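These notes open a run of structures that come right after.
In what follows, chain A forms one complex with chain B and a second complex with chain C.
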Partner chain A sequence: MPLTESQSQQVLRLRGISKAFAGVPALRELDLEVGPREILSLIGPSGCGKTTTLRVIAGLEVPDGGSVEIAGRDCRLLPPERRSVGFVFQDYALFPHLTVAENVSFGLDGLHRSERKKRVAEVLDLVGLPEMSQRLPRELSGGQQQRVALARAIAPKPALLLLDEPFSNLDPQLRRQVRHEVLAIVRASGSAAVWVTHDHDEGLIVADRVVVMKEGRACQAGTPSEIWRSPQDAWVAGFIGHGDLLKGTVSNGRLVTSLGDVAANGIPEGAEATVLVRPEDVVIVEHGSPGTVVRRHFSGSDNIYCVQIDGTLLHCRQPSDVEIPRGTEIKVKLKSDALPVFS
Partner chain B sequence: MRKRILRWTIGIGGSAAFVALFVWAGYRMYGPGDIGERVERFQRRWAPFYKGIGDGTALNYWTFVGRGLILTLEAAVISILLSLFFGTLLALLRLTRNPRLRFPAPTVVRYALSAPATTLIQTIRSAPLFLLILYTFIAAPKLGLQLTALRAGIFALTLYTSCVLAEIIRAGILSLDRGQFEAADAIGLSYVKKLRFVVLPQAMRRMVPSMVSQLVTLIKDTSLLSIITVTELYRRLYIIQQQAFNPIETFIVAGVIYFVINFALSTFARRLEVGPSRVGGASAAAVQGLGVEDQTLVVTEAAAGRGRTSSHSRTDP
Partner chain C sequence: MIRAFGSGTGELAGVVLRPRTLGLLIRTAGLAVAVTAAAIVIAVPLAWFTTRSDLPWRRFWGVATALPLVIPSYVGGFAFVAALGPRGMLQAALSPLGVERLPEIYGFPGAWLVLTLFTYPYVLLTTRASILGLDSSLEEAALTLGKTRWEIFWRVLVPQLRPAVAAGGLLVALYTLHDFGAVSLLRFDSFTRAIYVSYRGSFDRTAAAILSLILITLSLLIVAAESRSRRRADYHRIHSGGGRRTLVIPLGAWRWAVFAGCTFLVLISLGIPVAVIGYWLVRGTTGANAIEPTLTAAFNTLRAAAAGTLLCLLAAWPVAALSVRHPSRMSRFIETSSFVGYALPGLVVALSLVFLTARWVPFLYQGLALLALAYGVLFLPQAVGAMRASLLQVSPQLEEAARTLGAGRAGTFFKVVLPLVRPGVLAGSALVFLTAMKELPATLLLSPPGFATLATRVWGATNDAFFARAAAPALVLIALSSVPLTFLVLKERSQEESGLARDGR
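Then we have the complex of A and B:
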């Protein structure tokens, strides 16, 4: 069968990957593709199989069924060292007895001595640690170790870079800062990447394309804004978070809820349906549904007010200088008519 | 202050009690008779060590014993080197079936390598070394092998120690984080390079204490070779005390000699342990069984960056 254009271009193709551990399925018929220079993020709750997916791609686990193709080569039975992948481990797994430079240079087996030296310097430069080359890993901070792990992974110029929860060992503040650096380094390396995270915000920020996983399957794939704007179902919407699900009934092509009605998007008449309402979709108005402010989350740039309307709780984003005391009666409505609706 | 007085009292009191016990034992040992007789006996029995035995014209006492010491050291050093090699080999063979090491061979081959190694290790470890030595010595000629007593002894010591070391090495390798193996795989190291540069250097450093204690045991066990006529240190001392009529003094001297050898080995090993200071984290220090002071030493050396300069074990691949 001749390869079509799109097939030959993909850096990674997973087809029907299944994997069970002691009879418990971790991956069920998973398909996944990554294009050149594309950063794909795999997000999902813990136990959804995202790390297993990464390990199957790397060759650290052998799948029970399906095919793995990296840069056009069938890799299902290839050992990890022959797959041309770089792996950034959750706990970095740096070699503690070797210096930073040695850690990085071990992956450059095939290169001539002088070229290897050059590449190590180049990569350490790229991750911003040129003066740390003679240090041992434990003489570095967590963020620096992270970058050494990254340098080690990208040094052999792998076709595909795999990152397994790269920031789970960093504290949140450092995480935000390092995220941008790492992202820039990955882009500069020119490799395609699969980035596993359970942090949906991180997944949306770093990726060109996002795959949401649930129970061993890819349940939605799309650009970050597609996933954000039109989650496929209530579960994805709930996982991506930052929203309330309002129930209602469809009548005359409109989904009628306690907060007004929105376009029903083809859901049949009389059916029960749910609409995803994010805090920024709720506005305070003169005439609207009456509700009571029950809580306020102040996050510096925003105030998120929790409003109780007929027994349901709804969140409403306001600028940080809008102060509404708890217990105040306000009226709210939906800003837009085109919100994600699920049957 | 009171604590210090108490500590001193206990210290001095304890030492005094020990010395008293020693003097009492000596007094009894060189009895019966009055004090003059006892001192005379004491001198007579210790004299061989500086005067030699008989009229002193025979072979010099220490030359005779020294040859035994050389044989002991020969047996020990050869067995240690061979055991380190074969122990590592046996451990790796036994580990071929372990998925963590990813031995590059089909499952059948991995099991075919690992099963005999496992059986050998378990069988030999459970046999008394005494029996192994005797058996090798007796059985080798029947198999047509013309082994000298010394070689038969070295063979038995090596066989036994290899199997014990194999288990120590296996445990050391498996004590490493799974991530270390996977990281080595992921950056593309072959099986051999993974072992050579990532797994064994870390595992060996963690194993130093248990290995040293096994090697100390080996040195002491060379005395068992005396039963198959190897005239090593213990054997010669045994022969000589029969003429000097001073078994107790002779065996005290034997103990001191073995102590000096083993103390030298332990001291050397301790320098090995602390010196490189490239051991991974606190857990490694725990595996090493370092005392608190030693751990601090490792940490401060690392902080000062001095640890590395002392090792110079740059492993350029």
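Then we have the complex of A and C:
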């Protein structure tokens, strides 16, 4: 079958990948594609097969079935060293016996001496550590080790960069800062990337496209805003978080809940259904459903009030200067009529 | 084995059930138990004092108390016989005071004393390594829970150290069971001596084979017991490698008492042998003509030990790599069977190799290769153990990282794995080399004709009570053995200082 233009341009194509460990399936018929310069994030709870997917792409695991194509080459049986992938490991896996410069030049054996030196300097510049080249990994901080690991992976100019939970060993403060730096470096390197994380916020922030995985399958793929705005089912909505799931019954084409009704989006009459309500979808009004403020989370830029309505708890976002004491009776309603609804 | 079963069951039962055999069994096992217990009693507190307390000259004692390991038991045995035996140096010195008789050195007390003094460093070294790897935060946690030092020692430290103490104790027990030199010199009738006598003396090879089998069975039982205790204790190691700050605990008024204890121990375990050897070296009239044969023997010793070590390393690598990287029932089996070497007395391995080669491969018989092979079989477990431990510290992710960066299997091995395991492998080699140099019975039985090593020269001379002739080779042997041991102890020190934060888990 002749390849069409768009198919041949994909940097990575996985088709029907299956992999089981000791009889327990980790990946089931997984399909995945990554385009040139695209950053794809794989998110999902632990044990959903994200890391296994990455290891199959890198050739560190041999899949039981399916095909792996990298830059148009069939790679299923190719050893890792011939796949042109860069891997950033969760624990960085820097070689403890080599200096930073030696670590970075490890994958540059094919280059001439002077070119190798030039490339090492170039990459260390890119990650902002030009003065650290003679240090040993154990003399660096966690964030610096992270950047060396990244420099080492991009130095050979791989077709595809694979990042396995790259920030799981950094504290949250540092994580936010390093995330932007790393993202900029990956963009600047020009490689396509697959970025694995269990942190859904991170997955949405860094990616051009997001794939949500569950039990070895890709259960939803789309741009970050698509995933955010229209999760495909209650499970994805729950995983992405930052929202309450409100139950109701469909009547006259509307889903009726304790907070009013929304469009039922074709769910049959009389059926039980759920609507995803994010804090910004709840507004305080003169006439609406009565509730009681039970908690306040103050995060600086806004206040999230937890409101109890008919025994269910709902979150409502307000500007940071709106202060409502605990126990106050308020009335709320849904801001919009078009919210994600799941049967 | 073939010998034993070739003899027919009737004879087998005859030898096994002989009352003499039962007596041998009780005596040998009793000695092993007594020596192991004494070694643990000496070594465990010593390990603690030399790592955790403010003992004066702590670092010096760290090295000095490990050094008796370089003195082969037959050298120690001869030193104690010369010093404390009838008409020995001590009695000669005391006779003007009217002391006519000293407590009997021959038999059980002497063998017990000598073997304990020269094997306790096994327990010392394993326990100390374990203490250095412990996480002090556990002790700190216990302190904040209101426990006293003494309670912490028993309830926090001892349970965590148990696997290390058991491993060291295993080495001591097996050394005692397999020792041939000291028990022979001190005229203690143990299994090895009986085997040697029935082989050399009466050429009763069947009896020798049967006694060997009993000895091997006894050793295997001990190995099995130890590995069982180790399996149960695996979870104790969860915390190793955490915070590496070592708490130094002030001993207060006890400092100088412990100092005196260390001095006394080093004086009798190192001072007596060195003094006795020095005395005979000076007194020996053959001083000048002893130099050349001693040099030849030293050269031979190094050659044989080097060949054995090399063989050991080559055989140990695949076993260790397989068991660490591809754990399976098969690799476990291979690893376990390599540990059988622990249970095989040198004497028995030598006898069986003599028997096998004389019958089937005569061109190997009495060649250097055969001696190296015996060393290989005997010391394989030590080499496998060292390699396994260092390989376990190399995270498989490092190998994977190298692969994704374009290095093939061979490239990964030479550029990543080998540099990282080198310190551990060197330490293992030093240990094998040290043990091979000291090895007596296998060397005695398998040396090519005219091939004298330091061990065989010392043995030959002391057996004939020519102490003066034994002095030079014994001294050279001790000096040569000190080199790898010092290397080992210093490596442990540097590990303690750098805290060696290995990357990757």
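Note that in this section the second predicted complex is superposed on the first by the 343 of 343 C-alpha atoms of A that agree within 3 Å, B and C clash if a C-alpha of one lies under 4 Å from a C-alpha of the other, contacts with A are read in each partner's own complex, and residues count from 1 in each chain.
In the analysis below, contacts are C-beta pairs under 8 Å (C-beta built on N, C-alpha and C of every residue); 3 or more make two chains touch, one makes a residue touch a chain.
This is a predicted model, so every value here is computed, not measured.
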Combined model on chain A where chain B meets chain C, clash or fit: clash
Chain B versus chain C as contact partner of A:Leu60, first or second or both or neither: both
Which superposed partner A:Trp235 touches (first chain B, second chain C, both, neither): neither
Touched partner set for A:Phe95, first chain B, second chain C, both or neither: both
First, second, both or neither for A:Gly86, with chain B first and chain C second: both
On chain A, the residue positions that both chain B and chain C contact, one per complex: 58-60, 79-82, 85-87, 89, 91-97, 106-107, 109, 138, 152-153, 156
Contacting residues of chain B [partner chain A, same complex]: 102, 104, 177, 179-180, 182-190, 193, 197-198, 201-202, 205, 276, 278-281, 284, 302-303, 305, 308, 314-317
Parts of chain A lying in touch with chain C, wherever the complex brings them together: 58-60, 79-83, 85-87, 89, 91-97, 106-107, 109-110, 137-138, 145, 152-153, 156, 162
For the chain A and chain B complex, residues of the former touching the latter: 58-60, 79-82, 85-87, 89, 91-99, 102, 105-107, 109, 113, 134-136, 138-139, 152-153, 155-156
Chain C to chain A touching residues, read off their complex: 395, 397-398, 400-409, 411, 415-416, 419-420, 501-505
